[in-house]
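Dumping the structure here so I can ask a few things about it.
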Amino acid sequence: MRFHVSGRLEYNVRFPSTMIFNVHAQRSPGQTILHERFTVEPDLHFEEFVIDSGGSRFVRLETGKKKMLQLSYEATVETSCEVVPANKLDYTPVADMDRRAIPYLFPSRYCQSDRLGRLAWDLFGKVANPYEKVIAVVDWIHENVEYLRGSTNSETSAYDTVTQRTGVCRDFAHLGIALCRALNIPARYFSGYAFQLEPPDFHACFECYLGGRWLVFDATRLVPLNGLIRIGTGRDAADAAVSSIFGRVQSTLMQVDCQLAPGQKFTPLERKQLGRKGISLDAKHATSTH
Amino acid sequence: MRFHVSGRLEYNVRFPSTMIFNVHAQRSPGQTILHERFTVEPDLHFEEFVIDSGGSRFVRLETGKKKMLQLSYEATVETSCEVVPANKLDYTPVADMDRRAIPYLFPSRYCQSDRLGRLAWDLFGKVANPYEKVIAVVDWIHENVEYLRGSTNSETSAYDTVTQRTGVCRDFAHLGIALCRALNIPARYFSGYAFQLEPPDFHACFECYLGGRWLVFDATRLVPLNGLIRIGTGRDAADAAVSSIFGRVQSTLMQVDCQLAPGQKFTPLERKQLGRKGISLDAKHATSTH
Amino acid sequence: MRFHVSGRLEYNVRFPSTMIFNVHAQRSPGQTILHERFTVEPDLHFEEFVIDSGGSRFVRLETGKKKMLQLSYEATVETSCEVVPANKLDYTPVADMDRRAIPYLFPSRYCQSDRLGRLAWDLFGKVANPYEKVIAVVDWIHENVEYLRGSTNSETSAYDTVTQRTGVCRDFAHLGIALCRALNIPARYFSGYAFQLEPPDFHACFECYLGGRWLVFDATRLVPLNGLIRIGTGRDAADAAVSSIFGRVQSTLMQVDCQLAPGQKFTPLERKQLGRKGISLDAKHATSTH
Amino acid sequence: MRFHVSGRLEYNVRFPSTMIFNVHAQRSPGQTILHERFTVEPDLHFEEFVIDSGGSRFVRLETGKKKMLQLSYEATVETSCEVVPANKLDYTPVADMDRRAIPYLFPSRYCQSDRLGRLAWDLFGKVANPYEKVIAVVDWIHENVEYLRGSTNSETSAYDTVTQRTGVCRDFAHLGIALCRALNIPARYFSGYAFQLEPPDFHACFECYLGGRWLVFDATRLVPLNGLIRIGTGRDAADAAVSSIFGRVQSTLMQVDCQLAPGQKFTPLERKQLGRKGISLDAKHATSTH
């Protein structure tokens, strides 16, 4: 599936600052960047880099004495998601899992899995199959947490959301991650562009490590999973923030868009169709299944 | 300097569990393992691995149906720490720092730097030099937090310690890390063996990234910094736990020892002697300065 | 029903301190003190007083330079609890309720009802009858929170317990109070002596204001409700602590006992028998129903 | 001093609700209501009452099916504040204090004095005189917490403010109360009208019990203390909220005013003038000192 995505960010710079952006679509087995353009105005030196093998692409720059900053990213991205059948979704014992998945078992700033253990096992412990455990987590969040714009802030964590029961996509993701980690299933934060998200914005959901691969889940159910374009992954939103500011800068505009590329036809993948199948955004052979 | 370290851990296994241990001394530029022996009883298959370039060494094993577990690690380690003069301790702007240091700027489970920003800048913002900023943080913690065994637990975080003002080495480290990150200085958790620690135990302190290298700091002031042998580093204690248990296992014994190797003579490095110099445990050329 | 209760408290005094005790059985419509004796050793001046119309009886004393302190309370108490039929258990609208009940609608230190509103209404909002709402709260706590000695401390609050799902009687009470207040039902903390509590100790549960009177509830289900002897009530444990210490004093002994008076025969009131009836410990006419 | 105060509140009623208001000026030794008028539109039955001896006056009403609600309060109030000389500001030992002050020693929803003990004694323990202890608390808050509109919400408590270091009058008051209670000084929340407050609004500060009376303190330093007209007191904002809503109601307007009555001349009392004197708003003999 081919998408055209774009993000436009504008800032007032109060004080010379360093900024780190994570808005580029990932380069990964399931995602090919056909075209992209990243511009900064005024013309500032910037550096693009990746931190680890996860593939998230960052840009950092120093504002110097500039007073205003405009960033623009646009890309055409070919994505292919893989529908993984039930018999490949077995639990991977901690003893066997890819060692790179292990850090995603540990608690993080917004996902205090260590404090949610008893609740997670009480609620989901009886579901034997690990994939269905995650589905049960996603369903529970969807039924018990209300999506309510403005109800949370940048300090809200899974420990709050599990009780306060409102939030936005970021909070839904954090709670999903925390509950899965509490169940010994590695889980990581996913930030991305999302087709059919209304109103258009950056989106967040989460991925779990099952059967030796990362599968994507979204407790908000706001968008079809095969319309996601991955930007970043990390332990939680602290790792995959659209922008991290070291200094004093004020956001004045954030404009996001995600469209089908010309000539494409999109069939949303619905949970019902999937049945007990999962969705991986890292389709191994880049053969788009949709 | 040559040390002989050992750790002995015993567990009752209530339920077949997976365990991850982080007790091996790191292999790093400043640390050479001259000899080591790791045994598990009863005889179980285990795997040793590293997760990332940080060098922390993990062991994972499955208990299966064994009821008891005894682990024993002992090693002779040659360490060399480098005293870094003031003129090499400049602040590394976020824009220039090694990208691998960047994750250590973000908040983590026990180090909520995002919530400590105003306090950190109020207390330490006026100290211009970044190295002296960290020293001011360390001094402040030492003066304002009381070392009190049993006053905290595994859920205690820097956000608590900054107000409750008691803790153990782990809490001192978390608070130091959180305050440094709030000041835009990358900081990571350090776990290790420590010479002259009374009573003998695993120790924790923290490292900051300054002038392009990691320097070690310890707000507890319980041990000389040149008597530290590094086991693990990570964002906080969640990454560098001596043992992570996935299942049900009860610790019944933890015995730690750290001695000088025969024929060695130890001169503790004292803060006063150091003046404005810092200490790195990654002495580049393995030429022991002490 | 006639009980003989006693409490013995011993302290090491580190520093001249003021102490406030709340160990005397209340004098109330449903409780008559037939005999009591309160002694302090060494012989210190103390004052007995009540703070408000609630009837809790406090003792305060200054230790002066005494090094040790022994308190002893024993009493024979006649209690009468009233079984209140369903048709008298209607919800009292806030607009009609006794104004003295109003403060028990507000959040307090350990009962953050303001943060539990959405969860409380999600879980219990569909239960129309207010008495059955409280019963549903009590059942939910009993089923979802595990009674686990040592799992909590003096800082643990309902906001923690609702997620962490372990606690002791005090935590069960706080969670019940917080959920009821969130449902606009006044609820207060109850501390007392309890017949058949094993091991013997002070006990805590809670009371709700329904149908114009206070009914008693206990989510721990550790003791029969007609074996309770009320000591104190308050917003939460902060108001009804057995001892409040202003200074430095260390508890060295706490010994509690509750026996039937000679010749009495006790028939425990069981929830099943009660059906939709409630229990008030303020039987209006002092005619013991049991 | 004679003031004319007024408050106007408007609400959209989403669902039949009960509301409790606390906007009437207190009747107390230091405050005489010369004239007042309270109206509700549409014409609804309401009840005025006091809960306890504190003197706070509440109104409760049921909205029934009304869709909009307008409340208006206006009053002319004669206040007299007493400047209390230093020699009357001794600490009242817990053992001697008015028993009605005792509940104000205990922690409450927004004032977790139990968690601030060590910090409070570290910061202020060396100040021997209790009045000067409170002044030191007030000065510390004023210097370390920034008044920042919108930086906090209805869940923010003293435990947060002491670290996050921003807030509004309510947060300044809660922190002052929590620190004083931690120092064994009874402290209560004060809500009122305030002359010269810009922009006009309800104001909050706190009172401490010293030398057998309640003295008023304000860490915001936004208004002269002799321009305060007391509405309510309580353990914290939970007890003295302008409005408490049981149901679903949305505030659409809040308009507050406080003017000098005609012919009055106001001389602000400044901290510097006061020196070591305190201010009580309960001038015993109603002889206005200003």
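Think of it as A, B, C and D in the order they're written, each chain with its own count starting at 1.
The rule is simple: contacts are C-beta pairs under 8 Å (C-beta built on N, C-alpha and C of every residue); 3 or more make two chains touch, one makes a residue touch a chain.
None of these values were measured; they are calculated from a predicted model.
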{"item": "Set of chains whose contacts include both chain D and chain C", "value": "none"}
{"item": "Distance between chain centroids, defined by C-alpha means - chain A, chain B (Å)", "value": "31"}
{"item": "Centre-to-centre distance between chain D and chain A (centres being mean Cα positions), rounded to whole Å", "value": "46"}
{"item": "Chain B-chain D separation of Cα centroids, rounded to whole Å", "value": "48"}
{"item": "Multi-chain contact residues (two or more partners), chain A", "value": "115"}
{"item": "Listing of all chain pairs that touch each other, if any do", "value": "A-B, A-C, B-D, C-D"}
{"item": "Chain D contact footprint on chain B (complex, rising order)", "value": "115-116, 118-119, 122, 144, 146, 159, 162-166"}
{"item": "Contact footprint of chain B on chain A as seen in their complex", "value": "18, 20, 47, 49-52, 58, 60-62, 93-95, 99-100, 102-103, 105-109, 111-112, 114-115, 154-155, 184, 235, 238-239, 244, 246"}
